[in-house]
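Presented sequentially are two complexes of chain A, the first with chain B as partner and the second with chain C.
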Partner chain A sequence: MTKEQIFELVKNSIREMVPEINTDNVRIEQSLRDLGVNSIDRMDIVIKCMEDLNLKIPLVEFGKVKNIAGIVELLYEKSTQ
Partner chain B sequence: MEIGIEAINIFAGRAFMDVRDIFKNRDLELERFQNLMMEKKSVGLPCEDPVTNAVNAAKPIIDNMTEADKKSIDLLITCSESGVDFGKSLSTYVHDYLGLSRNCRVFEVKQACYAGTAALHMACAYVRANAFNSRALVIATDIARAAAKHTYAEPSQGVGAVAMLISRNPEVMELDYGANGYYSYEVMDTCRPLPEIETGDPDLSLLSYLDCLENSFKAYCDRVDGVDFRESFDYLTFHTPFAGMVKGAHRKLIRSLMKVSADEIETDFQKRVGPSLKYCVQVGNVYSATLYLALASMIDNAQIDNAKRIGLFSYGSGCCSEFYSGIVTPASKAKTAKMDMARHLSDRHALSIEEYDRLLDLNMEWTFGVRDKEMNFNAFSKIYERYMEGRKLLALKRIGKDWHREYIWT
Partner chain C sequence: MNRVAVTGLGIVSSIGHNVSEFKHSLKNGRCGIRSMEHDSSKVAASKILGALIHDFSFNDILEHYSEFDGALVSRLKACLKRATVGMKYAAVSAAEAWTSAGLKSENITPERIGIVVAGSNLSCALQYNLHNNFVTSPEYLSPSYALQFMDTDYVGTLSEVFNIKGEGFTVGGASASGNVGIIKACQLIRLKIVDVCLVIGSCADLSPMEIQGFVNLGGMGGNVFAEKPLEACRPFDKEHEGFIYGQASACLVLESIEHARTREAEILSYISGGAIALDANRLSTPCEDGEARAMTGALGEAGLKITDIDYINAHGTSTPLGDITEVNAIKKVFGSRTGEVWINSTKGLTGHCLYSAGVVEAIAVIIQMKENFLHPNLNLYTPIDNECRFCNRQIVEAEVRTALSNSFGFGGINTSVVIEKGEQPQERKR
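And now, the complex of A and B:
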């Protein structure tokens, strides 16, 4: 999967977990926190993405990422390993 | 051989602050208040410290014992991340004021919020191996640092202690022998790098907690045959920094194990986890003592009409975690009812924000390392007179020039 496709997948997860967010306006450099997503929902979004990609990444690795681009990067890196 | 908790009691201070009021007065985002799922948090008075809380939690247990049974306690472990000295452990004071036998080991363990679990299992192993039918007393006692003012840590962090008597007569909870799963690794999530500073990355801590829950449960399943998360445990009790976190963790674990609808998850959460949260939402995070506050809440509030298995998850930042299980019975409920813990929680002073701020300022005068200082009970006389005086509770009176702490019975 390309990074663009993974970004789309992250946006799908955001839509599913926090339906009130209009993901059309979401930019990759934004953080989930900027979008007003609370920590529990952020966790759910990340888990949903991992499920979709059939990946098992320790959640603490997502603790280091700063924004959606970071999430996409980590998912991309692990999915291509 | 049956080993486990013979008696349990909590002490959650004499005053509380409404968590919603903290959010309002500190201009914190109210949306975050809903995620916390917290109602009140216990607030300490200047004359309350980890020693007084520990003693005040354990005293009713000790008072209910015969002299001979009391003498059988030859191990006292305090568990804390809120020590008052780098060398001398809280247990030395606690041992003295509880009037325990001098033929007793006293020491302290530390591993953030996991410390209570560490001590519980060490004490159980000790009682199992001991030739003399000894008992052990484990007391988890912690306080939030007053310096947390104006942060998102402020609304959730409380003060309190839980005392547990460990013996071969586990009337409160018998541990399932050998049914433990551990998961630990180094991570810098939350910490107390200076005596008055609590800091860290709460997001990282949440993620680490979730990784640990999944992996310690997996390690538990590796050791115990035929475990089914939905069927094997009648109730679940998790370390509860705030109830919202437990809700997220329960959902995450279930979803990682099976396909279940959101409604089913919610019903399961209310039924199997809900009873453990009732006391926690009224006290706040009491660190090493939190899981056992949740356990006390579970036993007092769950329907226990026959033997029930409880799954327990302990997490301490840094980090160490454990999933284990135990058995409770209607006798457990009868035993904990004698301590009247719900009444203890309802019998606390409701602080106004002004009183709360004033208490935080007063508490800042009693930080780590203070010496040659006398307690001015007049500064908080209204709460002291109504909620402490004449109740035979332990209170800090003075810290000497040599840093020695002196306490009085109120």
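And now, the complex of A and C:
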């Protein structure tokens, strides 16, 4: 999967968990926090992405991530290992 | 004692998704019991009957409320977007009670509102449904589960929806939970801890495992009448054979009389007293003495005598031992007056709504008082007792001013509350 495809997958996950966010306007350099996503929903979004990609990444690794680009990067890196 | 006003009602049940539909079903003796085709495939029993909530659309109902309170609808949407269906029933019943009481978050001090959620183990179905995936991939368990598995998630979520900042907690009392909730909320108001208190009777969203537990315990009916679901729940009839599971969430807005009068709210009825009496018994067996003490205690707290009571909304689950024990307890309390007091059981129409039964039945009492009727005991052909004045299979026109509503739970938890008719509009103006 390309990074662009993973970004789309993250946006799908955002739509599913927080339907009030219009993901058409979401930019990759934004953070989930910037979008007003609460802490529980942020974790739910990340876990949904992992499940979709069939990856098992320790959640602490997402703690270092600063924005959606970081999430995409981490998912991409693990999915290509 | 100080009576507490009831100013709002809300319900989602198998026989109505709001108070108006529920009232119509009570008047017409409409029963919600059907065969639980889908779920019975997972349970080791030939057939399971239940009065389940069908055709419930959270979004359609929210659409209806958006006319009255758009801000409330936005909060409901945001707070409940991934909630369990049980939580959605609770929120919708609370929204109906809240709006029918004429409450608006901006007009009321949040610190003076309380919330009591009645029922325990509210996430059984959620746990059951997550279990298979959890066994194979624990990593993918939704973090929301850490909030959802605690019953107090209902307190947290509903307090955010309605901006409630006073006291809030859950109460458990098995099948008597609803009455326990009403009694505790009245205490909060009488102690002046809050002015307004929501009491939510939670829907028992059982998984096949809990259903199987009840089947194996021998408590469930629907055997002889397996092919005739509408005839299976027969409180106080000689052919009764066990309870039928029902689903409902119901909500009362309780309020101090002063507070209700100050904001010129209509007082639908009063909770005049209530009592909880234990049997010192961990089993499911009912006990005449404990049930009698609950009724006597409720009357005593209300400062009323047996001659003041016109009607008893019985616990009446349709289990042989439970029904006769309640009849004997009523005779013990009412003595020679037994034949003068009307008795019916709402469970004949709704099934046994377990945690919410007390709140569902309080709403049934209030509706019947307001509309001067008593709903039928749908399947009462041959009463187990000839002294009691049971409603028969037809609606009865009757003016009821004061009623007892009984709820008894496993573990010897006996409760009864006294409900009095509300003021007529002309009385309020005086």
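Assume the second predicted complex is superposed on the first by the 81 of 81 C-alpha atoms of A that agree within 3 Å, B and C clash if a C-alpha of one lies under 4 Å from a C-alpha of the other, contacts with A are read in each partner's own complex, and residues count from 1 in each chain.
Operating definition for what follows: a residue touches a chain if its C-beta (ideal position, glycine included) is under 8 Å from a C-beta of that chain, and two chains touch if they have at least 3 such contacts.
Bear in mind that the values here come from a model prediction, so they are computed numbers and not experimental data.
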Note to self: Just to be sure I read the superposition right, which of the two partners does A:Gln81 touch: chain B = first, chain C = second, or both, or neither?
What the structure shows: neither
Notebook entry, point to check: In the superposed arrangement, which partner chain does A:Val18 touch: chain B (first), chain C (second), both, or neither?
Noted result: second
Check: Touching A:Gly63, do we find chain B (first), chain C (second), both, or neither?
Finding: first
Checklist line | First (chain B), second (chain C), both or neither touched by A:Met43 | finding: both
Note to self: Which partner chains sit in contact with A:Thr2 here, chain B, chain C, both or neither? Use first/second/both/neither.
What the structure shows: neither
Note to self: Please report the chain A residues shared by its interface with chain B and its interface with chain C.
What the structure shows: 40, 43-44, 47
Note to self: For the complex, give me every residue of chain C touching chain A.
What the structure shows: 77-78, 81-82, 137, 139-144, 147
Margin query: Which residues of chain A touch chain C once you look at their complex with the stated criterion?
Written below: 17-20, 40, 43-44, 47, 50-51, 56
Next item on the list: Mind listing the chain A positions that touch chain B in their complex?
Entry: 36, 38-40, 42-44, 47, 58-60, 62-64
Item checked: Of all residues in chain B, those that touch chain A in their complex -> 31-32, 35, 187, 189, 201-204, 206-208, 210-211, 244-245, 247-248, 251-252, 255-256
